[in-house]
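Two complexes, one shared chain (subunit A), two partners (subunit B, subunit C).
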Partner chain A sequence: MPKTAIIVFPGSNSEEETLRAVQAAGGKGRLVWWFEGPDALKGFDAFILPGGFAHEDRIRAGAVAARDPIMIAVLDAARSGAPVLGICNGAQVLVEAGLVPGTDKIGKPQAALAPNVQGHYVDRYAEIELAAPPERCLFTRHLEPGTRIPTWSSHGEGRFCFRDDHTRRRILDEHLVVFTYVGGAHNGAEFDCAALTNPPGNVLAIMPHPERAGWRYQQLERVRFEARGDREAFLAPCGGSRLFALFAQVFA
Partner chain B sequence: MLALSTSELDRISELIGREPSRVELYAFDAGWSEHCSYKSSRVHLRRLPTEGATVLLGVGEDAGILDLGEVDGVRYGVVVAHESHNHPSQVVPYEGAATGIGGIVRDVLCMGGTLIGLLDPLRFGRGDLEGHAHQRYVAQSVVDGIGGYGNAIGVPNLGGDVYWDESFDDNCLVNVVALGLVRADEVVHSRVPASADGWNLILVGKATDASGFGGAAFSSLTLDEEQAEANKGAVQVPDPFLKSVLMRATYRTLRGLRELNVRDPGFKDLGAGGVLGCSAELVAAGGMGADIDLDAVHVSVGDLAAEVIATGETQERMLWAVPAGAPTELLLRIYNEQFGLPHVSRGARASVIGRVRADRRYTMRHRGEVVVDVPVDALTSGIRYEREIAEAPNRESSDPVLHGDAAVLLLRVLAHRDVCSREPLIRRYDRVVRGTTVIPAGHGDAGVIAPIPGSALGVAVSVDGNPRYGKLNARVAGELAVCESARNVAAVGGEPIGLTDCLNFGDPTKSPQMGELVEAIEGIGDAARALGLPYVSGNVSLYNESAGGSSVAPSPIIACIGRVADVSHTAGFAFKSPNSVIVLLGPRSGALGGSVIAEVCGADGGMLPRASFGALRGELDVVRAGFADLTIYGAHDVSDGGLLACVAEMCMGADGCNGVGARLEPAAAWAPGVPELAAWFGEAGGFVVEVPPEDAETFIARARTAGAQAVRIGQTLAEPRLIAGGSDVALSELASAWLTPLEDLYA
Partner chain C sequence: MSLVVASIELKIPDNTAFTAYDALARMGLTAVADVKHSEIWVVDADALPAEIQSALKRTEIIFNPNKHVLRMLGSDHPAPGEIWVATPSRVHERERHLLEQAGLPRVRNVESRARWLLLDRRGDPCSRATLERAQDLLANPAYQDAFIA
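== the complex of A and B ==
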């Protein structure tokens, strides 16, 4: 059984439920706090950067956290093929760190997460759809093509933007947009992108939160209603939980 | 600027036997302010019910605690706090609203609680109308401030409400309710224990600066246009980033102290009166005194005056009382080294600033000089006034006769600012962080969370208070606020177990305004007693006035907390299925006072609907029983906009796309003798309940046995239409009227 580290920066706020989502999917892990330093990440097989406002989102969302010393270990692990999942603020950190979709030859990030078109924070339910071939990304290999997954989108800067047309072509050719928003991106993201991977497919930056729609009780009224009165089913993992399945598997 | 009166100054000299020092003057100014001492309201607040089987910890500390129940042999409590930040939010809306959240979060934290939810009742001036740019700015910035703070610290918004009224043009109301979760055996108190002689007092958090100086006194005066600039200095500066780290460091400290078997540490939020107000109350509540060294207080700039360090209200600070030795070392290590507060915010840290002493004397030293030396009780016992009370004006009158077409009026009612969808506003708040949300704000009459991972035990919570009612009759408005909050909790499947109040009124030195406060206290007390619900915390905010000196709409705002035995037995208000029977609980009446329909029709006057407590108890019981044995699908309370707006919302659902229609019988069939438009749109309280057809008869019989009036008024339809009152409207048309009005301000 692999061990997953949920990395807590100063300002992270979704660490507890993210750990619970890993455990609910059958995985093992623990919170690793920024002050434990990069060495504390030795012995972990997979990494999650949870939601929040790491380092107060100073300069830009994720910009300072991407340069936090603990990220040295995450970058090394990502480059050696370990699974790294960034959710919401965690996705912003991965993009700022240049892990998704990758950097150019001189190390410049090829994407950014710009403010939503609304110009402010938006909290709403959002269904996402697998837009890449399932085998494109480690986290989706077990899913059927076109699988839809419920999530809750809660962010102010979630609009995926790409550097130039050359990058856009590469993104499309290499199927790096793993999930798109059903019905279009409410935040104005290019290609309706909800989640972006890197070329090897071991790093996934996802803006909406699967762990906020990862149990039956968190689903929309109609889905909850199907299990009404059934306590066990109500508290059972479903929906967004499927994106955490990898953390319970032995990695290739 | 001191707010003390000359007679109060004389009292101080008498009490301490000499002229007070400069720092002592500021100390009394804060300690005796309305904000801290409740000097006008306390004698009346005693009449509220505060005891009951569900009370784990009653009023008197930073927050009260209600008994939520047991999970695996462990008893859990819900920590409940209710505060206002009205004046700061009017002067500096973003910071004022944000620090309102910041302050109340500390109240919950200091009881040993984990933050599990926030609710925000808001009252704005006419910011929704053209030509009211400032009110619009306030309405937008307050919501930005709440989101900016609450979203960052990761506490979900569970509800709230918003009303718009010209009486709030110069004085908005920004109240906030915070909930926490605590194990009953791990409650921490806002007082030192009897064994605390010689314990260290440790100040934790932001470096003290000059912000928030004079805050307690400022919030106890009426807002003066000319002093607006000067008052800005009395508003604190929010730092949600520091708070986010402080919260997590505090959770770890609480755990660490338990591991060291430290019994009964003292822990209190620094709010009004700063270091002095907090430390004096913390030790006085345990019958002790303290010696404080102001030079040990960590400050952001070197040359702060002693009275600023002593009483300034810099945000993000709390005070611990723990034994010297290992507990003190643990605390300093966690805050200063592990979580590295100094790296999070410049100058932030934990500092030992004084010691508890056994003799009830309170001293402060600054640069070698004693600047305060008084009996601690002189500071904390405050003063009381028996204000002159004039009879509160009752502005009710005979009900108007309304005319119009129900379908046309429904569209206008749904688009009314007090009825329309709150979704554009609520979307500014994070409703689902922590992953515990079951019914998000806006999807049910109350928010529901399951705060204990793996357990089905839940909390339901709603906050209510209608200023249109307050304007007509403060006492009845208070009664109705209690009834509505309890109904809302029941409407999602919760069992009401307790209340918290925030009383927002005008100038207590004006006898009619004082009269309104006293009447409202009577009203909220009577209703609570009738429903068997205790108050476990509360707040009073006075001097809320317009520039012209008239009071804001008297606003008793009530939150009801409910226990949910099993969250799989809860539901939001949206209709679940076609062919359900629609049952109305609660009689209709001709009362139209304060109603949305009267305003839409341009009619004046009217009577407020009256609560029938006995019938309401029956309604609450039968709705709860229906959720418990799954014989109802869901419920929605009848309030703003009346019955037809209520049914329309159930058809539309929170997102407007639910698509279950309804056909309602003619009003004469279920409300004989009531004028037709009053039946459709009157705001007499009640429930609309969706019942599966096979259970309808039993449900109605059960309700009648319980003493509630129950009548079948129609059925749900597969077609997305609302057929009622001789008209037939597509739900899409209703939705476009209902969903969009607040988009202009918030989308």
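== the complex of A and C ==
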């Protein structure tokens, strides 16, 4: 099992849920605060950037955290092939750092998570579907093609858009869009993109929250209803927790 | 018919400007000694400039008199030391509607930009080379346009 660092920036707000999801999947991990610096990440095998509003989304969501000194260690680890997962605000940080789609020099963003097409914050259930070949990304290689995972989408700046046609062509040719929104992107994301990987497939930026749909009691009513009368099943991990189980199996 | 360019900035401490200053310093831009930040509103309406200014001041989601100062600008282009960042996909339909509610008869167009002014230790505008490096933080070219004088 990889030892996972969950990196907390000032304004992160999903770190505890993310740690809980990692632990429920059998993984080991701890919260690492940004002020501990890059050296604090020595000894970790995998890295998660959780959701929230790092630095209050000042300037642009993820822009300041992407340039935090602790990200130097994350960039180095990503370059050497370590698994890196960014969820929601964590995805925004990875995009701003240029780690995904990673089709140009790291540090130069080739994509953005722009404001939603609605022009405001949106919070809703969103099912996502595996859109790339499972082996394309380190985290999805044990999934069946077309696998669907329930998530909760909760963001104001979640619309994946890409710098130019050259970047778009590479994203399509190299199948870097790993998950798409079932029924189309509610936020206007290009290619209905819900999650994007880098060419080596070890970094995944996912916009909706799988950790908020990781237990049956967090699912839609029809799914919760399936466990009626069964307290154990009601409290059991399901749905989004699958992504964390895959994350914990990366080194298997 | 008038085209008004107004700058709305905080008169209370601006945490966003300080965060930008801190992040630029961490990026090695030590020539930047101060950062000022404001929102530029470009309003095209069938009204006199003073009427547009008055409507802006009555539109609470744009201007809060407890914390903002409104200045009219003579140009819709950045001055030396400034970076203006536009987000072309951002729609201002709500603001257009509210400005009409505030008394403007016909608002043709409303646009906004983020305006960043970078100053050196002497209080002079930073060089173009510094501004070009600062653009890496202040604008994402995948969905924003940055303008320098």
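Rule of thumb we're sticking to: the second predicted complex is superposed on the first by the 244 of 252 C-alpha atoms of A that agree within 3 Å, B and C clash if a C-alpha of one lies under 4 Å from a C-alpha of the other, contacts with A are read in each partner's own complex, and residues count from 1 in each chain.
We take it that a residue touches a chain if its C-beta (ideal position, glycine included) is under 8 Å from a C-beta of that chain, and two chains touch if they have at least 3 such contacts.
These figures come from a predicted structure and were not determined experimentally.
Taken together through their common subunit A, the two structures put subunit B and subunit C side by side without a clash. The vertex angle at subunit A, taken between the C-alpha centres of subunit B and subunit C once both structures are aligned on chain A, is 70 degrees to the nearest 10. When the shared chain is aligned, subunit B and subunit C each come close enough to touch A:E56.
Of the two partner chains, neither subunit B nor subunit C is touched by A:V93. In the superposed model, A:R163 makes contact with subunit C only, not with subunit B. Applying the stated contact rule after C-alpha superposition, one finds that A:A111 touches subunit C and leaves subunit B untouched.
Shared-chain residue A:I206: touches no atom of subunit B or subunit C.
Of the two partner chains placed by superposition, A:A126 touches none, neither subunit B nor subunit C.
Of the two partners, subunit B and subunit C, it is B that touches more residues of subunit A.
When the two complexes are overlaid on their common chain A, residue A:S154 makes contact with subunit B while staying clear of subunit C. In the superposition on chain A, contact of A:R67 is made with subunit C only, not with subunit B.
The minimum CA-CA separation between subunit B and subunit C in the overlaid arrangement is 5 Å, rounded to the whole angstrom. In the superposition on chain A, the residues of subunit A contacted by subunit B and by subunit C overlap at 55-56. Within the complex formed with subunit B, the subunit A residues making contact are 8, 10-11, 13-14, 16-17, 20-21, 33, 35, 51-53, 55-56, 118, 120-124, 152, 154, 209, 211-212, 214-215, 217-218, 221-222, 224-225, 227-231, 233-235. Per the touch definition, subunit C reaches subunit A in the complex via residues 15-16, 19-20, 23, 26-27, 87, 89-91, 93-94, 136-138, 140-144. Of all residues in subunit A, those touching subunit C in their complex are 55-56, 58-60, 63-64, 67-69, 96, 107-112, 114-115, 117, 119, 161-163. Interface residues of subunit B, counted against subunit A in their complex, comprise 144, 147, 151-154, 240-241, 244-245, 248, 338-340, 344, 426-438, 443, 450, 453-456, 566-569, 571-572, 574, 576, 630, 633, 653-654, 747.
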